[in-house]
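Below: a set of structures, written as structure tokens.
What follows is subunit A paired twice: with subunit B in the first complex and subunit C in the second.
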Partner chain A sequence: MTDEVFATVLDRVSRVPGVRGVLVVDAQAGVPVVAEVEDGVADSAVAALATALFRRAARAAEGSEFGHLDALQLEAEGGHVVVAGAGELLLVAVAAGDAQLGLLRLEVQRAVEDLW
Partner chain B sequence: MRTPAPADLQRWSEEVARDPDSLAFLPLAQAYRRQGKREAALRLCLRGLERHPAHVEAHALLARLYLEEGDREKACDEWAIVLRLDPENFEAHRGLGFAYLERGQYGAARDHLERAAAVRPGDPAVREALAFLEELQPSSNGQREATERPEPPAAATPGVHDPRRVFEPLMADASFLGALVLDEQGLVLVGTLAPDQDVDALGATLGGAVHDEATRTATHLGLGAWKGILLETTRALIHLSPLGSGLVLLVALRRDTPAGWARHAASRAAELARGFLEGRA
Partner chain C sequence: MKNDTVNRLAERLKEPVRAFVQDSRVRIALLVNEVGQVLAQHGFTGGYQVVDVAALAAAANASARALAGLTGAERWTHLHHAGKERHLFLAPFDTPAGELILVAIFDQDSSLGLVQHFFERLAREVAALPELQAPQPLTDAATFERELEAGLQDILYRAVASED
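Here is the complex of A and B:
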């Protein structure tokens, strides 16, 4: 994976209005490979928590015969976390509560295609 | 609606022939239906929907055409699509309300008819059907309380007392696969999924595990309480949301369901679940 691909992915997703941070994360280790986050967003914590959530949900979905987990979207009072799988990598986006979610999902989907 | 002039028919017909993407297929199909040319109307409608699959009025017209042919199942499928596109569509709620009424599914019938009445309070057919339902099955804040009638047996009130049937009103939506209310241990309290799903195993694996992890993630990232989580798997969309008191609502929908619709279905399922749980408390 080239730096250029990572840069394109980060740029594409972070342009969506309301996005506060974008990370490409090692899905096994749960650590950021590259990240572009606003001040106040702890990229290591986001990477670890998002990875744990994704892996747990993926195991649960497979265990309950719903198949492979492609993506998840956590909605909380203060914002959203979108996590999408791309093989050994995860793409994580943290967004404010008023972010354009439809556009964010679309850009995450496109970015994941670049990461595969 | 005024009867279209022959010149209008000619113009629409030419437009559809010239441009297959033209929206003139709808007034032309409506005119054909009024002239009794139902087969032609059906063909036009189906062809138009291939180009414009999200056209609400075309789905509503198709439902009406199927109904007039006596094919209630297909009509119900079309109304369900209409409601996915336009959740407050009067015609679809009324159509589904009467279809459920005929099948004896009174809970679902009441749900759709009440929503139709909310859109058009003056519709006499809907009012009459609701009055009939009220006589047959008084609502909880109506006659039953006033007269202190004993609870009817569960079999006489489908979907109300049987915890597996709480989400039955949502079954009209073709994308809905089922819903469950899970406790903190992941035990299933309410609802059901497709017959081949082991709901207890599913509850144990999905409910507790994801609830804990979602709470941890949202809290540590300073996002406050979690409100919902949408999982997109190869086979389904699964929406989980907290119902309070440690309970989690799980709603499963077909994979091709739009995310916005999944949240809407989860919100309706939450209303039904809360209604059932409060009624039981």
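Here is the complex of A and C:
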């Protein structure tokens, strides 16, 4: 994986209106590999907690015989978190409540394809 | 640190350690001071195990601090050993009463990031405990070395005895 790929991924997703942070995370360790986040977004905490959530959801999906979990979206009062798996990596996007979610999900999906 | 102080502190540490274990999903957690006295623990099944790990953690902390000093790396923040199935996380943190060390063992239910995240909260909560607001008297170099060596010798003696 080259720095260029990471830069492209971060750039692609962070351009979506309303996105406050994008992180590529080591899916095993739950620590950021690269990140581009606004002030006020705690990148290490987001990486750790999003990884834990994704792993739990993946286990729940497998336990429910839904198969492999590709992505999950957390909706909260103040914003959204989208997490998508890319092998040993996870892509995490943090977005404001008024972000363009459809576009964000599309760009996350494309970015994940770049990461594979 | 005197025994009654340790006992009082151990009581106060129960809740922050319980919350750390629950949120970070570690299997084992141990809080020791820099001479290896056990202040809190979760998940150990044998008393000897706790004492062994505490003494080794204090020794590892002292070695890492010396190594960091020698190499100009300044203060070290944590040590992470990624085993095949289990991981070891060892990290020192400051309190007004002196340095404490957390030892945590976790598996695939947790992650390094999650442990680091909740370790920061644990360190903040513990450092704010009233029992740890005054420096404790026993951390002079001679006492440290004496207690650490006694602990390590005990471990080595038992290791040799178990091989016989």
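By our rule, the second predicted complex is superposed on the first by the 116 of 116 C-alpha atoms of A that agree within 3 Å, B and C clash if a C-alpha of one lies under 4 Å from a C-alpha of the other, contacts with A are read in each partner's own complex, and residues count from 1 in each chain.
Convention: a contact is a pair of C-beta atoms (placed from the backbone, for glycine too) under 8 Å apart; a residue touches a chain by one contact, two chains touch by 3 or more.
Keep in mind that this is a model prediction, so the values were computed, not measured.
Partners subunit B and subunit C, brought together by superposition on subunit A, fit side by side with no clash. Once the two complexes are laid over each other on the shared chain, residue contacts for A:A52 go to subunit B and to subunit C alike. By the document's definition of touching, of the two partners only subunit C reaches A:S44; subunit B does not. After superposition on the shared chain, subunit A has more residues touched by B, the comparison being subunit B against subunit C.
Judged by the touch definition given at the top, the superposed model places A:E75 against subunit B, while subunit C stays out of reach. By the touch criterion defined above, A:S64 lies against subunit B but remains apart from subunit C after alignment on the C-alpha atoms of chain A.
In the superposition on chain A, contact of A:V34 is made with neither subunit B nor subunit C. Of the two partner chains placed by superposition, A:V5 touches none, neither subunit B nor subunit C. Across the superposed structures, the minimum distance from subunit B to subunit C, using CA atoms, reads 9 Å. Subunit A residues in contact with subunit B (one complex) as well as with subunit C (other complex) are 45, 49, 52. Against subunit C, in their complex, subunit A makes its touches with residues 25-26, 28-31, 44-45, 47-49, 51-52, 55.
Contacts from subunit C toward subunit A in the complex involve residues 25, 82, 110-114, 116-117. Only residues 45-46, 49-50, 52-53, 56-57, 59-61, 63-79, 81, 94, 101-102, 105 of subunit A touch subunit B when the two sit together in their complex.
Put simply, subunit B touches subunit A in their complex at residues 197-198, 201-202, 205-206, 209-210, 213-214, 216-218, 220-236, 238, 252, 259-260.
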